[in-house]
Amino acid sequence: MVALNSYITLSWLVPAFPLLGFLITGMAKNRLKNNQAGIIASILVSLSFLMSAFLFFALRSSGQESATVTLFNWIAAGDLKIPFAFLIDNLSVTMMLIVTGVGALIHIYSIGYMHGDDRVNSFFAQMNLFTFSMLLLVMGANYLILFIGWEGVGFCSYLLIGFWFKNPAFNYAARKAFVMNRIGDLGFILGIILLFFTFKSVGFTEVFSQATSMHSGTPLVTLITILLLVGAVGKSAQIPLYTWLPDAMAGPTPVSALIHAATMVTAGIYMIARSSILYNLAPLTMNIMIILGLATAIFAAVIGLRQNDIKKVLAYSTVSQLGYMFLALGLGAYSSAVFHLTTHAFFKALLFLGAGSIIHAMGGEQDIRKMGGLRKKMPVTYFTFLAATLAISGIPPFSGFFSKDLILSKAFENNPLLYILALGGALITCFYMFRLLYLVFFGSQRLSTVHPHESPRVMTFPLIILSILSVFGGFLNIPSLFGGDSRFGEFLNKSIISGITEELGSATEIGLIVSSLILLGLVILYAYRIYVKKADIPVADGVSTNIFSKAIENKFYVDEIYSAVIEKPFGSLSDFFFNKVENKVLDPAVDEVGILTSKLGNLVRKLQQGNMSFYLFAMVAGILLFIIFILIV
Amino acid sequence: MILLFYLLSAIMIICALAVVFSKNPINNVIYLIVCFLAMAGHYILLNAQFLAVVHIIVYTGAIMVLFLFVIMLLNLNKAIILRKSTVTRVSAVITGGVFFLVLLAATRQTFEIHARYPFASDFGLVSGIGKVLFSEFLLPFEISSILFISAMVGALMFGKKDV
Amino acid sequence: MSALILLTVFGIIVLYLGFANNKALLAPVAITGLVISMILSLKDWGLGSKYFHDMMIIDNFSIAFNVSMLIITILIFLFGINYYRRMEHHVAEQYALMIFALTGAFLMTSFSNLIMLFLGIEILSIPLYILAGGKKTSYRSNEASFKYFLLGSFATAFFLFGIALVYGASATFYLPEIKTYIAQFNGHLPPMVMLGLLFILIGVAFKVAVAPFHFWSPDVYEGSPTLVTAFMATVVKTAGFAAFYRLLGMGLLPLPAPLEKTLWVMTGLSLLVGNLAALNQSNFKRLLAYSAIVHTGFMMLAMLSQHDSSASVLLYYTFVYSLATVPLFIIFIHMKRASKGLEELSIFRGLYKQKPWMAVFMTILLMSLAGIPPTAGFLAKYRVFILSISRGYLAISIFAIVMAIIGIYYYFYVLREAFSESDNPNPIEISKLNAVLIVVCGVAVLLLGIFVFQIPI
Amino acid sequence: MKEISSAIQLIPLENYIVLSIALFSIGMMGVLFRRNTIAILMCLELMFNSVNLLLTAFSAYHSDPSGQVFVFFIMIVAAAEIAVGLSIVVMMKRNVDSVDINLLNRLKW
Amino acid sequence: MILLIILLIPIITGLFLLVLRDPATVRIIALTSAIVNLLITLGLIISVPSASYSVNWDNFMGTQFSLGFDGISLIMLLLTNLLFPFIILSGFTRSHVQIPVLNFLILFTQSALIGVFLAQNAFLFYIFWELTLIPVYFILLLWGGENRRAITLKFFIYTLTGSLFLLFGIIFLFQLTPGLHTTDFSAFNQLHIAAHTQTWLFWVLFIAFAIKMPVFPFHTWQPSTYTMASKQGVMILAGVLTKMGIYGALRFLFPIVPQGVIYWQNTVIIMCLIGVVYASVIAFRQTNIKKLIAFSSMAHISLMAAAMFTLNYYSTQGLLFQVISHGVTIVALFYMVHLIQERTSTLELPHMGGLKLAAPNMAILLLIIVLGSIALPLTSGFVGEFLIIMGLAKLSIWFAVFGGTTMILGAVYMLYAYQRIMLGDKNPALAKVKDIRTLDYFILIPLIAIIIILGIFPQPILNLVEVSVNSMQKLLIPANEVVTLFVR
């Protein structure tokens, strides 16, 4: 670091603010009244955002690519030296901005949403802790600091999913999320360990500088990348570890927006993008990622078609979108993935917050079949939601269009088949999003017991900001096709080594865009016909007609399969170990030694009959035996 | 002379067996006395006159009288049928037999026993024994008085009827 | 030698005091005699004198063992003050007999002629036959007495037969001469001599209750009056081992291989049988009897691992074992009284509740028997194992260790009873003297375990 | 007298050994065989005497008086022992009115 | 001399306590002595580079009463003296049953443990090793729970069984020493024992430690003993006593039978890892919370044992770090469990639930301790387990995978337990449960603080042991070379 910008050394303030918030709201949770906790938390996260923005500009103005800020030595054992350090570069600054920005908005939103909950202070404490962890994750200068954040967000997610802890199902969901994450984490930590053994360091800069000189396809690197991928799969809810995410909707809606849409679940994408150099060396892993990402994208989208819980739909949509990001990663288009991550953060947060607003208005009702006609009653929510829906569906010029199109075109470059499948997924996404939109906002209200009303300002304000971002976020990275300069991508590419170099011809690209747009339009129309024209459809929607749709409705029975294949056998194994091995073999084996000895003892005691003649005989017999013994020996 | 040996031996063995197998305690005592008398004969054969005399005094004179006395005292003079079970008795006989054979086998594979001193026929007389007893074996002799005291105390203690 | 004479004299004095019906004086006089005798014994330390045509050799070995036995006997007599207070008859006889038995024990530690060994054994045994039957009206006491007597005499017969055979071959009763006689065969003894030696060993082994010649001991221990049992378990065993060691050390070592193997088998059997039989024992006296058999096994281990310090270890082991056993019997007597004559292990229940200090000292004593540090019992076992392992007897050492584990089980079973609640607690009364003695023994056991020393014998 | 004193040289030592062993075995057998305690004591005497005989024989063959002295001591001890033994029997008879050895089985296990 | 003082303070205080009556005074004196000892220990660690105390014990068994320390001893000493104040403090309850005796026994245990960790002579080590068992036996027997009589006896016999084999090993080594035999560790360490002897001697020595730790399949005494043990009993057992096994193994196996260690390395690691998975899997279905934690502790200890045998720098560091970490965590955890038991008068998970509503602070503290137990980063557990898994991975990635399953399975059962205790709807039976009191804060907050502070600043501990670990590594490296020859 030639000219370390003195401002950058202040970067520790970024996570410090939320940590402070956590400590304040956590310690004083019994003293804080009304919205005090929310306000404190929001202000601190906002400060963190401001600090991030400040860092962003400081970094740009300094002209440096990256800066490392070492706070103290965390672990040093022999040649293992892990400083507690932050790496400030374009990628991390971007992530920081997303995390703190979206985070601040959601905090503000939560003030309204959580108003009246008796554990609101705990809520904000946990949210702040989450923000802190997430910032550690994105700012960490080595894999282990990243891992701290990685586990930390998992833990906060556990807390927040189970926030309403009176409901056992919620607790179960929380635990499931944590455990599934942990499965991934094990892979991750093993990956980190192998990384260390390979590169003698876990610092990003050290590892990557050495990795540049390595050959592609080195088995060790492939193994490392696969292990890291396992971690990412767990955290970013890809097949086969995705099932926790839909269940995680048990948490309060702002939590879903912040953790399970905008930030935490994208940690996997961030981590892989961060490790782009390594992944470039491992084509096998890349291919695995393509397959996983695409499969997840389509699979989740299909499940999303038949979900009736508003948050579940959004959850599957999140899984699906994460699948796209993985696809992009697998294609080597890391910056595209991060770009999609960014736009997704905007519009998915918006969708969730909108959903929260709706649920809030509906008095806690989450079944979309019971909603309807909210367009008039909640105009702000409607318009923001619409914007987000358009964005996620990929309608130009909304942000989702740019980011998704980038991925699709990259897929086409790789293999047209990939493109077709990805496009199919996008169409399905479009369909279920519009189904959601239509069912919720159009038609007439189907549930008469509640009287929906627009949410308070404190909730609509973040919606508006986010909708602006969702609409215009795409302009950050206008591709050259539209006369842009892909600034976002370029910006990131200072931190990420892209895996692909070739560009599509603009003609092909235009063709692709046009055809996809036509298809999208058709899908929207079709959805309109089904869900708006026919008012009775929603009722029929709940009745499964054939095996396939029934399977979709039941999420392809994945949970059931997992339960049958993993959970139950595990339980049986536990019972077997305890009831059979421990209690029937090991423990008795020890006891049996005692019992056997004691039985033998009784036998010996029986010899002592008290009968004189027996004693005499025994003595003579003993003597005789000894005589014979010495005569023979 | 050897005939005398066999004669005495035969008497001894027969009487000994009779002691074991006869049922009446009085008869047992009588057989035992005969057996011991025969043994005294052996002692004389072995030039151990002193022992022969002591033997007759101690065993026949004292111990066997003691036996008789106790039998009378306890009123056991009639044949009491106190028999062990047949199995026990048979196994007793077998054990005795086996023991005999084993010992015989062990001592038969014998070796040359070298006599320690040249043959002398007079050391078994009272004077010979007496010399040794009161020189070399004085200590044991004195010490054995303790044994007698204890035995006496014991017999008194057990025999006396406490009030 | 003067100690021996003095002891006899005091035995007779005590006997006469009995005629004078002076019960109160008995114990003090007897104890005075023992103390003086101890002092006289110690005066001979290092002299190594021989008496009466080498019939007796009083060397450090015998003095050490004598003093050790004297200490234990003094202890028993001190306990006896209280114990015999309730007895109307024959108290003087009991003291006198114990003193006579002790003279027998003295002979056994210092013989060098088989005749002295024989007389020693008999002088030790005959008083014991009588003492075992000390409770004249008790059938159990009778039974113990007769069993001890009959089996003892039976064993004596074999012992004598063995002596006769050895004499027949070697024409001598002197151990050193026998040793030279045996040495000429270079380990290939003629069967007759071998048989004779075997019988002699068996005769001594019977006295110390080595399996398979142990059958008498549990029954006799159980039936005899408890104080006598304590005497048998400690002084008699010590004397037996002193004799055993002397017999081996002065006469028979190096043993011919078959005999040595026989003794090893006996060692193993003692450890095994004693432990197994003790495992489910519910009668405390029998339990200690079986445990005594196990300790015999350990002592055999020490003895058979021929080493310079074997004697010292043997002395240490026997003394430490005795020091722990006697007070345990005394505690048992008190518990038995409190429970109106029961002898089950369960009588110890509630001990901790009522007399915590007693329970603590009982813990120390039992720990010592079990061989758990920091008690002397541990050190004793440790030293035994040092001997046997250094000599390379690994297998039997491992076996002994496994057996020690079983031992811990039953000792701690007793201990557990002492620390359990009782259903119907009976008041435990204990005289001050006894209390002090128990404490002294406990502390001694601890100190002997902490301050390690070795007596050069 | 002369004849007798030289008889020892005519009779082989083995004979005495065998005789003693036989006596000893018979005595031992008797101890195992009998139930009457008094008879058992008598058999015990037989055993002691066989030893005496053996010792005397050896002593004579070695011309060593110590063997005979030993026999003397054995006799002493045997006398003392029998006295004690018989008194125990008397006591036992007094207590249980029997001299049956099989009654002695209360102490066991 | 300072070592002697550290060794004697507890026992002398303990003896003094026996003459006192008033429970309050007794407790305060006991606590004071424990704290003073802790302070002296800290002073020792910070400022005294080396100290030793040696007295000739006897002149014929080669036994020295010699105390000394190295980094490993210091870690153990620190752990002991750190935990005992809390253990004593946890006895500041309303119970008045034989407080002097109880505190005496606890302090006795402390002295014995300190002795174990400071002894420089194998004989002395063995004495102290056994001595720890005596007071613990009585603590368990007199203050234990249901069915304590049978269980304590089993525990006692089981652990003693191992110890006696150790004794055999010590004597065996003793007679191998040249010249005048001695049991000094320094002499043992210089022995060159034939390779084939080492292969069996290894097990003779190891079995004692394996039982004490305990390592699968020698663990069967543990769950029932933990379940039955009283609060302080189980804290001592799980917190410190198990570490004795680790310490012993480090002290005996590596320097003395290095070839044996290497010969059996894989076997033992696999045994330990089976233990890790086995215990974790069993813990999953336990309904008794103490049993559950007992199995969880076993899983952690098994992992530590596995780490010990990986014989590389990271694991050894991690192991020693984890010694402290696990000790603190498990003590806090068991204290918490007893708190819960006192409040709810049950240990059965199905009978609990919804406790958080009644006792929110308790829930938070428990959660933090649970996190420490499942090795969340920034708790001490993570640093230790990370280093351990790293060491395992160095040997074989599969070892690391199986070792790492504690991360997953630990989360499964610990969070399950947490959920069953704390979360869920209001439980009428537990509605009146009181939240944490001041005393509990005094115990739990420092322990939790240690968990977190060590998670963030593990370096002091790691530095403390570095020298010892290095020297141990040096010991093993030549052995490694030798053994390859031997195996061929």
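Here the chain labels run A, B, C, D and E in written order, and each chain numbers its own residues starting at 1.
Here, contacts are C-beta pairs under 8 Å (C-beta built on N, C-alpha and C of every residue); 3 or more make two chains touch, one makes a residue touch a chain.
Predicted model, so just to flag it, every value in this text is computed and none were measured.
Asker: Counting one step per pair of touching chains, how far is subunit E from subunit D at the shortest?
Answerer: Counted as steps through touching chains, the separation is 2.
Asker: Considering only chains that satisfy the touch condition with subunit A, which of them also satisfy it with subunit D?
Answerer: For subunit A paired with subunit D, the chains in contact with each are B, C, in label order.
Asker: Both subunit B and subunit E are touched by which chains?
Answerer: Neighbours common to subunit B and subunit E are A, C.
Asker: When the mean CA coordinate of each chain is compared with the mean CA coordinate of the whole protein, which chain is closest?
Answerer: Per-chain C-alpha centroids compared to the overall one single out E.
Asker: Based on C-beta pairs in contact, work out which chain pair has the most and send it over.
Answerer: Highest contact count among chain pairs: B-D.
Asker: Per the centroid of Cα atoms for each chain, what is the distance between subunit B and subunit C, given in Å?
Answerer: Computed from C-alpha means, the inter-chain centre distance equals 31 Å.
Asker: Averaging over Cα atoms per chain, report the distance between subunit A and subunit B in Å.
Answerer: 103
Asker: Distance-wise, how many Å sit between the C-alpha centres of subunit A and subunit C, to the nearest whole number?
Answerer: Inter-chain centre distance comes to 78 Å.
Asker: For subunit C and subunit D, let me know how many angstrom lie between their CA-based centres, rounded off.
Answerer: 28
Asker: Quick check on subunit C: which residues sit in contact with 2+ other chains?
Answerer: Subunit C, residues with two or more chain partners: 115, 119, 122, 126, 129-130, 133, 136-137, 147, 150, 154, 165, 168, 171-172, 191, 194-195, 218-219, 281, 409.
Asker: Which residue numbers or ranges of subunit A touch two or more of the other chains?
Answerer: Answer for subunit A, listing residues that touch two or more other chains: 594, 605, 608, 610, 612-613, 616-617, 620-621, 627, 631.
Asker: Of all residues in subunit D, which are in touch with two or more distinct other chains?
Answerer: In subunit D, 17, 24, 27-28, 31-32, 35, 57, 59, 61-62, 64, 66, 69, 73, 77, 80-81, 84, 88-89, 91, 101-102, 104-109 touch at least two other chains.
Asker: Considering every pair of chains, which are in touch?
Answerer: All touching pairs, sorted by chain label, are A-B, A-C, A-D, A-E, B-C, B-D, C-D, C-E.
Asker: So in the complex, the part of subunit D that touches subunit A is made up of which residues?
Answerer: Listed in rising order, the residues of subunit D that touch subunit A are 28, 31-32, 35, 101-102, 104-109.
Asker: Can you name the residues of subunit A that touch subunit E in the complex?
Answerer: 72-78, 80, 144, 147-148, 151-152, 155, 158, 162, 165-168, 171-172, 175, 178-179, 182-183, 185-186, 189-190, 193-194, 196-197, 223, 570-571, 573-575, 577-578, 581-582, 586-587, 589-591, 594
Asker: Provide the residue numbers of subunit C that touch subunit D in the complex, in ascending order.
Answerer: Answer in residue numbers: 115, 118-119, 122, 126, 129-130, 133, 136-137, 139-140, 142-147, 149-150, 153-154, 156-157, 160-161, 163-165, 167-168, 171-173, 218-220, 222-223, 281, 283, 286.
Asker: Within their complex, state which residues of subunit E touch subunit A.
Answerer: 154, 157-158, 217, 219-221, 223, 278, 281-282, 284-286, 313-314, 317-318, 354, 356-357, 371, 376-378, 382-383, 386-387, 389-390, 393-394, 397, 400-401, 404-405, 407-408, 411-412, 415-416, 419, 422-426, 456-459, 462, 466
Asker: Touching residues of subunit C toward subunit E in the complex: what are they?
Answerer: Against subunit E, the touching part of subunit C is residues 309, 352, 356, 363, 367, 372-374, 378, 382-383, 385-386, 389-390, 394, 397-398, 401-402, 404-405, 408-409, 412-413, 416, 419-420, 452-454.
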